[in-house]
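The following block contains the structure, expressed as structure tokens.
We just call them A, B, C and D in the order they show up, numbering each chain from 1.
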Amino acid sequence: MAVNFGGVAMKNPVNTASGTFGFGWQFADLMDVSALGAITTKGCAATPWPGNPAPRMTEVRGGMMNSVGLQNPGVEGFAAEAGPWLKELADTGTRVICQVAGHSTEEYVRALELFVELCPWASGFEINVSCPNLAAGGVACGSTPEGAAEVMRACRAVTERPLFVKMAPVRVPEIARVLEAEGANGLTLINSISGMAIDVETRRSKISRPTGGLSGPLCHPIAVRMVWEAARAVSIPICGVGGIMTGEDAAEFILAGATCVSVGMANLIEPDAATRILSELEAWARRQGVSDITELVGALEC
Amino acid sequence: MPTPSPARVHEFTVVTNKAVGENIFSLTIKAPRLAAMLHPGQFMNLQVPGNAMSLLRIPLSYAAADPEAGTVELWYAVVGEGTQRLSEMRPHATSSILGPGGHGWSVPEDANACPRALLVGGGIGIPPIVCLARALSERGISFDVCLGATTASKLVGAAEIEALSGCGELHLCTDDGSLGSRAFCTDPAALLLSGKRYAYVATCGPSPMMQKVAEASERAGVYCEASLERMMSCGFGACATCAVETSDGMKGACMAGPVFDASKVVSW
Amino acid sequence: MAVNFGGVAMKNPVNTASGTFGFGWQFADLMDVSALGAITTKGCAATPWPGNPAPRMTEVRGGMMNSVGLQNPGVEGFAAEAGPWLKELADTGTRVICQVAGHSTEEYVRALELFVELCPWASGFEINVSCPNLAAGGVACGSTPEGAAEVMRACRAVTERPLFVKMAPVRVPEIARVLEAEGANGLTLINSISGMAIDVETRRSKISRPTGGLSGPLCHPIAVRMVWEAARAVSIPICGVGGIMTGEDAAEFILAGATCVSVGMANLIEPDAATRILSELEAWARRQGVSDITELVGALEC
Amino acid sequence: MPTPSPARVHEFTVVTNKAVGENIFSLTIKAPRLAAMLHPGQFMNLQVPGNAMSLLRIPLSYAAADPEAGTVELWYAVVGEGTQRLSEMRPHATSSILGPGGHGWSVPEDANACPRALLVGGGIGIPPIVCLARALSERGISFDVCLGATTASKLVGAAEIEALSGCGELHLCTDDGSLGSRAFCTDPAALLLSGKRYAYVATCGPSPMMQKVAEASERAGVYCEASLERMMSCGFGACATCAVETSDGMKGACMAGPVFDASKVVSW
């Protein structure tokens, strides 16, 4: 079941989606984290971010919507809090990918520099280009090809270690091409989809911001389509994310062209969802008669 | 690394699930390992089967636990789709519950540490107050209690509390005067706080109510704890959706709470 | 409950989404169509289109995905088949909006010309810019600001009667601005979201095309957000579409800035869904204490 | 304007719902108005309550209708989530069903119009064949029948058909030989078609089976009808998801079908 995700050798294709797996240690007593191919930690910035006021979450049909706002203790806080545990995890062979947040190209670079310095046990870094760009009025840096390219170029200059980009679900093929050209080692998609939920009696948003990010099964067919589009546009590997609740959901991503997959919202409902999904994925690969799962990457017939 | 949540996924079986007030139900579940782990004020995150469109668990406090019988009693109000479905679960039905979650009340050691406590509960905030009252009673600590609800049929827990040794004054208030006085339970609470000496105040209920109790406690110089509600997704520290703004920064209600030092709560 | 949707005076804000209400007559014996503010008919082109091979539909969690491919009998076939019934409906005061399909700007123009000539009872026309542009390799004409502008400009030259555009769920605010500048009388959004569903055992798409269009509750929070973005970007009125199953779902669109709403997939599950939703919407307006529902358009507080 | 669908939304109550084969159930519902409207070969679109994530109705043919009792009998195979939930519906449970849908078999008038018919049914395509056999029997028309299934426990309807007056030869086939001959039911059907004279052939089952029956009928010069399955959303002509490619163009299975003149079907 081993795969190589842009230079990160994973023992199996199951990863966790940033923001739904804490810094990993939260799951230490709830599941066998070391059974996973990799985990991706919650996005951290150069300095701590407080995140948004409550309420930060509401349920929607087929999923949930959050406006956590990337609350994080900063890279230094992260490394102090979680570093020793993550190093131990990395020693078991489960790869650790650390997500990088920032409000501007400079902030991404600063955060990545700190990560590179403080997290030698990390196998790679994932740049979350969906953070609001404060200078541009809160629009995500990665929502245009130009913005995404700028961030990627600057980050590439920081390190030769594997760099991935967590893409927003917008203009996928064109932005994917630009990121590949700027040297990304792989792409993770999709980030949550921007949505809105209104309490029609109070006439107010159900969360503290007008819009939030949608996660869960409702995202799944959209995410699979975007992974397929990206896989046809670039040759760097892709990590498929969005509404994975079962091994079959994960298998769809692999057939559409993803080298690995990340489990998101499912972790929050059922803490050991990712290991269950891994065994279901293994069972599927057996049914498909392959021992090397990479044979199934992009194996959709159409 | 901080301490991970003590929460585990437990299978449970419904023992009873019956109305105890208007739209308020008492659910007793059999979940022996869980029943033996609980501390008053903790919560658990219950999976209600049956609607694949509504995926998250429902966070609920508990009113009582019986480690011998292996049972836990939860009281809940039917306020939406999930609690409606929960009210339709029948004895012998099974599902899973994740708990215990978070930090409960800092139940004072004994009557020396706390000669007298004041408990203030409103609406469906009463269950963890009942649970705390029982714990105080067992430790020989005396307490006064103010309970409030919109109307008599929605005021639960008074009988359970009255039956406990150590229970002193018990003030019941309803918005419509259908039971006890027509008042907010913060009114008798403020009076008691200005008149008697307490070592500990605990409150759970609507935010404005808890905020008033916190202010009155502060004026009286008494340590006050409040059990806060937030929209929770995981219940074990993984998602940061349950944030509470405190003077020590943003804290997760499911790990640092749901019970907080009321003087530190910035945003109710 | 009356509203004015870009020159179409509707007795109430409830419309039906193109492609989910046939040509209207299919519902004649199943509900009181004349209770609705308007109906929008299935897209028709200058010549008949056969649509895609079977299977054309699969269910997904929280919705459905279709690849009907705009099967239609052409505008002449449409006018012959449905014209008399639609004229009678229009006489009851329920407005009829006819959707226009095409594979190129020329085809849209030709279809619109036929509509203008053959459908005097139509109150307006809705241009579906999500049809695949055959010359451009199947990409929708309306997926870029330039493409959408070109179609709109050419159609505007054909008629002064109300013209609406059914927008794809991509690059909404920028394309909305362009369409307003080119003279659209209103915007309908969103069309179904492109998605993918794979049978992981056979490794094939569950429908006859690799991708299809997603409808149903899964679209709702995304559609509400897009309507809100469009309403802040333009001053022409908007018709909100996507996953409306209840009056409250419709109310969210109105608070987000829609002047009217269209019921889609719900019609297929429950043929009289649109009239039920209308009465639920009326009940909501009463609870909000307004007699004129336009007071609630865009009344979200944030 | 074309004729709108006769379908209406009917409330129904489950009378019985029991296994009649391996993963095959017989559901009898009480829906008097519907029971009085049905023509053999029509279908209905049934709402299974309980999973808000799976929204569309389930299209099902019917095996029998009793206008006096106001009941309809449907046979279904459990193949996925919706039919699984359907199999869990208990007597007295209620839901809604939309029907009747489409055009059924063009049941010949009488024995003059059709001295002998051939019916070929496979797997869960058998219910509408049973329904047709009953109608032929009532009209005094003789018929031979070939039924096939993967294995004995999945072959339903043979007893019902055998009991009908007018039933001539009845050939049962299973893939594994566990009942009747180890053959495809298209084998005896082709033999019968080349040996006997028929005025009408009707078939329902997997597409390759129906296609073979259609070809054999064509060779024998007999008019053949086939009941096709398509992914359906509405069932009353509104959505165009159920298209069947015919030599007359694309036709909606829910309105022009599900029963088609087999010689006109281009894409099975």
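Everything below uses one rule, namely that a contact is a pair of C-beta atoms (placed from the backbone, for glycine too) under 8 Å apart; a residue touches a chain by one contact, two chains touch by 3 or more.
Computed from a predicted structure; not experimentally measured.
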Between the pairs C-D and B-C, the one where more C-beta pairs touch: C-D
Between chain D and chain C, distance of the C-alpha-averaged centres to the nearest whole Å: 36
Mean-CA-position distance for chain D and chain A (Å): 48
Length of the line joining the C-alpha centres of chain A and chain C, rounded to whole Å: 34
Numbers and ranges of chain A residues touching at least 2 other chains: 61-63, 217
Chain D, residues touching no fewer than two other chains: 52-54
Category of the chain touch graph - line, ring, star, complete, other: complete
Chain A-facing residues of chain C, complex: 60-63, 65, 170-171, 193-198, 200-201, 203-205, 210-211, 214, 217-218, 220-222, 224-225, 228, 243, 248, 251-252, 255-256, 284, 287-288, 299-302
Contacting residues of chain A [partner chain B, same complex]: 19-22, 25-30, 42, 50-59, 61-64, 66, 68, 71, 81-82, 84-85, 216-217, 265, 267-272
Footprint of chain A on chain D - complex, ascending: 52-53
Interface residues, chain C side, partner chain B - complex: 61-62, 217
Of chain B, residues touching chain A in the complex: 1-2, 4-5, 7-9, 47, 53-57, 98, 230-234, 236-245, 249-250, 267
